[in-house]
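Next come two complexes, and both contain chain A; in the first it sits with chain B, in the second with chain C.
Let's look at the complex of A and B:
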């Protein structure tokens, strides 16, 4: 931190996943912010953003849950930092809808018994790293550059979409993950499936769909020559990491009918993709690693596809 | 006491829906000095105008107020009617209770009250109004046409054939525009060059047309009937009067590998070049940025081989001033080429399509060049990356168009038809190939258009998939096109050898700057605005300037040619008179009070204010005062608001009138 300049400091909404299946995202976010000397204070008494189920069932409920969380966040100084792509999407969507629709805003304000904090800036971790902390400073702060690590940056569905809502980057052709990876010294690969859906919540109701979609993502990352995939969403992480073994068993050799392929011919002619394990990292895990945070405190032990062999191989452990 | 008549119009239901017109008429009748008031369903109709004329005679009216639409719509109509009834037309005014009231309000009571107020204050303006006489100005019967594509060529030929002189200015080294680039044209599939090039030759040979290519508009002064236009003639580095067009300079030029703009960068040209063999004029230009002589001073081959000695490296840009009475703007379009969002642009890119990074994803105009007999492949459909014949071609419509979230919400109008044409051209040339088209809708209104599209689908075996493409990426030597088929409800992947994007039609670069020089308006996309969407589709709001072709909005060739001929007809109508009458709403200076500070001169947007010397009988200078050239004055009133001594006033908008209006409220 440059002397004299005010220390960056944020309020923090971890969201449910980060206290459960995605706890390594939470741990690494806190470790990273500490290493960067950026303040991070958890919003007291926060609760679920409603995620996908709430807005599928009851719009007023889903907006009210987020509005209440936002008004709780108002009590903590600093812009609201969010790590989970779904929480980020729901909070931004709520602000967007309520700003545009006065009637809904009034309904929500009755429901939460107070004003909706529509102007509390909500920032994704990526945005904080790339724009507020700044790429140049991020690069300067790197202690252990992720040299030689080929990373497939995976945005998924929610981080940049729909147009005009998250305002994180170009909606269909973003570059913020690549920018951050380059600053960390890693090599972002150019690949085809960085914006495709992993299957998301269908992991519970129709796992077959997830196996298919996530397989396409893993496979194209392997074709592009990636060593690993970087995500910013605990659900994407779950699908790509936890189900990786199952996907291999289900599909084995590359398949040419991944999608409802009604007109195309052979999809995967030529290259013969391998069956390499692809560790799935959170952006904060990689960033913290590059900042010299000890790997033991980044939650690597709690993932299924073990990243340690890869990290050892690249001399990053 | 004045005797004013107030006529309140229903405008069908446009006004009466939200304004109680009867009440407005009744309230108007109670204003002192109003001798007559009534309401009527359509004041602008013949019976409505007759009603006005009769009332003027019967009630001996000395002023008329029509409470109806905007004066831009019907002021002329009602002033003509008033004049026919024996009134000075400038004693007829309009109160706008449609655009300013009924169209923008919902509450009937409040809208009615507002309409009454508008009428009340406009009555005061009529009361304080003065009889005015129109100003006559001479007309220079010579037209300027800006842009030498099919629109400009058609307009220039029509005006010239009517016997008037025309100056045609084209930015590129040759006229011809985009139409010269096309292969075959819908819906008849006739060869574009075969119908275009004879017209280009006609332009070059026409005794009434002066053609300036490689030239641009530098400055526009004056007003309808009397424009002075400064034209910049860019240095060609070849003397047009000496060059015979033999072409030896081009064959001997050692620098031959410059991407040819005419072939969308897919063919090569030398540094001294004509854009295409049928160029008019057939005089080359030197592309100074790519010429070895200009870059390093060492070469000079073209000058050495030129028999007539036409090559002139020292040539400079020159300027001429052209006096013209009317201007036709026909600057055409460009195709959207953004692959990523450019800095500062509200329009998003299509990075997800790999456009600009995958060589075999091309735009529609590039496909035209590939399909053209004069193109870089001699009319064979060969893909840019490896020159192989593509067996699966995917065409994608509405790339950029109708995509609000990308910043362009309009339909580009021509893409449905030209994509159908592309599938046919492809089918004719590659018999074992398959064309796929992703489309949102097939929009084919036009004579023979739907039949043409049906033919592409039913006879020429193009597979149309209703849905859009989300992403494309290279896999091996194929392009994987990921899209959706919303009729079947499935996601679709196609492995294509070549992808053709029907990208949006946009105005030419610099269209806004030219509009600012001309003083014409343009929309948020930089398309030029016509004076009225339905009734004045070729006129600009600025008198004496007319529009033709795609600079006004996306258009196909038949529409462009029609509009160009319409613009030419408007020019001929203007030229049919020797003198032109124009509205006397101009500023006048009270020389007694004017102190000659010339604050008015500084703010005048039209350059209408001159300095006038007042001398005594001995010829000694007493003072300098402002003088308004009535021919140039635009009647905006800025000088009136600026003048510190209140000695400049706009006829029809005098301080007395404005004060009376304010007091009436």
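Let's look at the complex of A and C:
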């Protein structure tokens, strides 16, 4: 879909999480696209992409599930918009592998009992906002700039890696989230953990892993002086938001590192350890908020770490 | 296994296994020169008895069984940091996938069962419902792993927030999805796919 006079319009693969644990990502994506007057039409009968568990143990199954979903997407016009970072990664990986490997493509075509449709461009929401809709136009469309909101942009693992596959941004030093945040009037902070793993799907099998990794991410964001974290993946959101209270209970001891002592007290005008709640926002929630969409239609009621006090404090509600 | 001398001979080195790993992953293990960048960036290496670079070294030495016997491969988060940073283009994330598949197919002797259980239930969920039924996934995991109280307080909270659905309907095209699973099984039976 070329930007220009024609109205942008996309087919849409929400993914399983967006229909349940990440429902606010779906709600805010739809609200944002409506506010920007960009079309979004859900692929009929889409099903699970297999995510990490499928490719973990059965690559052929993973490729086949994604290839079938890609051919379902052919029924809807427009490039395929994907919000979940894991679905995005799997669908892009499938296109990439099957274009390169004839043997695998033939096996997948037997499995899905039809030709593999590999040419529909798959685009992440961030890409659509920053490149297709465009940063300049995005900035123009802002009705309520997110002034004074310090945001830690969190990329996680799968948005940019491995090299050459997601084609979203530089795989080690991306800037697309920072660019979008600046266009919305917010202030992206520089921090150390923007591309570290949150523990992802270990939340089911080994939650201890998630507590440790996600604690490091939250701590790093606090040290950098962020008010909140912005994510583009429902698993990252789940781990940082749903488990935030548990993480605090597990690692609640005062931060005795030099870093914690200096920055923790400086930022909060006291000696208390930095244990601020950090609301976790989806990129679409922040963007829609800046576009003037009513906060009631952004799914904030589903979030565990309540973002409303922060938004009220910054006069964004 | 720790601190025990490793004797390398035709008997102790399983080169056939290494070739299988290379075929499945599409990546060579021989290109690795042990710089250790993969392990330095690995968020999970503290949970592994063999960090990523040692997994590759063990493969180079034909010691696949030592890897499968441990839990390292099941503690890989598939974050792709290793693959991204390897100066020799060893696709370690794909090698980990291949190792897990070989362990999985052989009903491997790994110490790590929870991750395997979670994977199995996740895949079963696709076959039964099409889309993930998260409540069932969590409940089945607790039942089958014997951790009846795990995240018990979280469930009701997530349901009240609308994050977990009590009821979930199957996809209309569930027969087509079943077809994918069936045809892959048939291909493997006939030896047409790995």
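In this section, the second predicted complex is superposed on the first by the 293 of 317 C-alpha atoms of A that agree within 3 Å, B and C clash if a C-alpha of one lies under 4 Å from a C-alpha of the other, contacts with A are read in each partner's own complex, and residues count from 1 in each chain.
Keep in mind that, in the parts below, a contact is a pair of C-beta atoms (placed from the backbone, for glycine too) under 8 Å apart; a residue touches a chain by one contact, two chains touch by 3 or more.
Since this is a predicted model, take the numbers as computed values, not measurements.
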Touched partner set for A:192, first chain B, second chain C, both or neither: first
Partner chain(s) touched by A:112 [first = chain B, second = chain C, both, neither]: second
Partner chain in contact with A:173 - chain B first, chain C second, else both or neither: first
Which of chain B and chain C A:9 touches, first, second, both or neither: neither
Partner chain in contact with A:163 - chain B first, chain C second, else both or neither: both
Most chain A residues touched (candidates chain B, chain C): C
Partner chain in contact with A:295 - chain B first, chain C second, else both or neither: neither
First (chain B), second (chain C), both or neither touched by A:45: second
Contacts on chain A seen with chain B and repeated with chain C across the two complexes: 162-163, 171-172, 195-196
Contact set on chain A toward chain B in their complex: 162-164, 170-173, 191-192, 195-196, 223, 258-271
Residue ranges of chain C in contact with chain A within the complex: 24, 26, 43-44, 47, 75, 77-81, 83-85, 91, 93, 97-98, 100-101, 104, 114-119, 122-123, 125-126, 130-132, 134, 137-138, 141, 150-151, 154, 157-158, 161-165, 171-173, 176-177, 179-181, 183-184, 187, 192-194
Sites on chain A touched by chain C in the complex: 16-17, 19-23, 45-48, 50-61, 64-65, 68, 101, 107, 110-113, 157-158, 161-163, 171-172, 195-197, 199-202, 204-207, 209, 213, 242, 301-304
Residue numbers on chain B that touch chain A, as the complex places them: 340-341, 348-352, 405, 436, 463, 465, 470-471, 473, 475-476, 478, 480, 482, 485, 488, 490-495
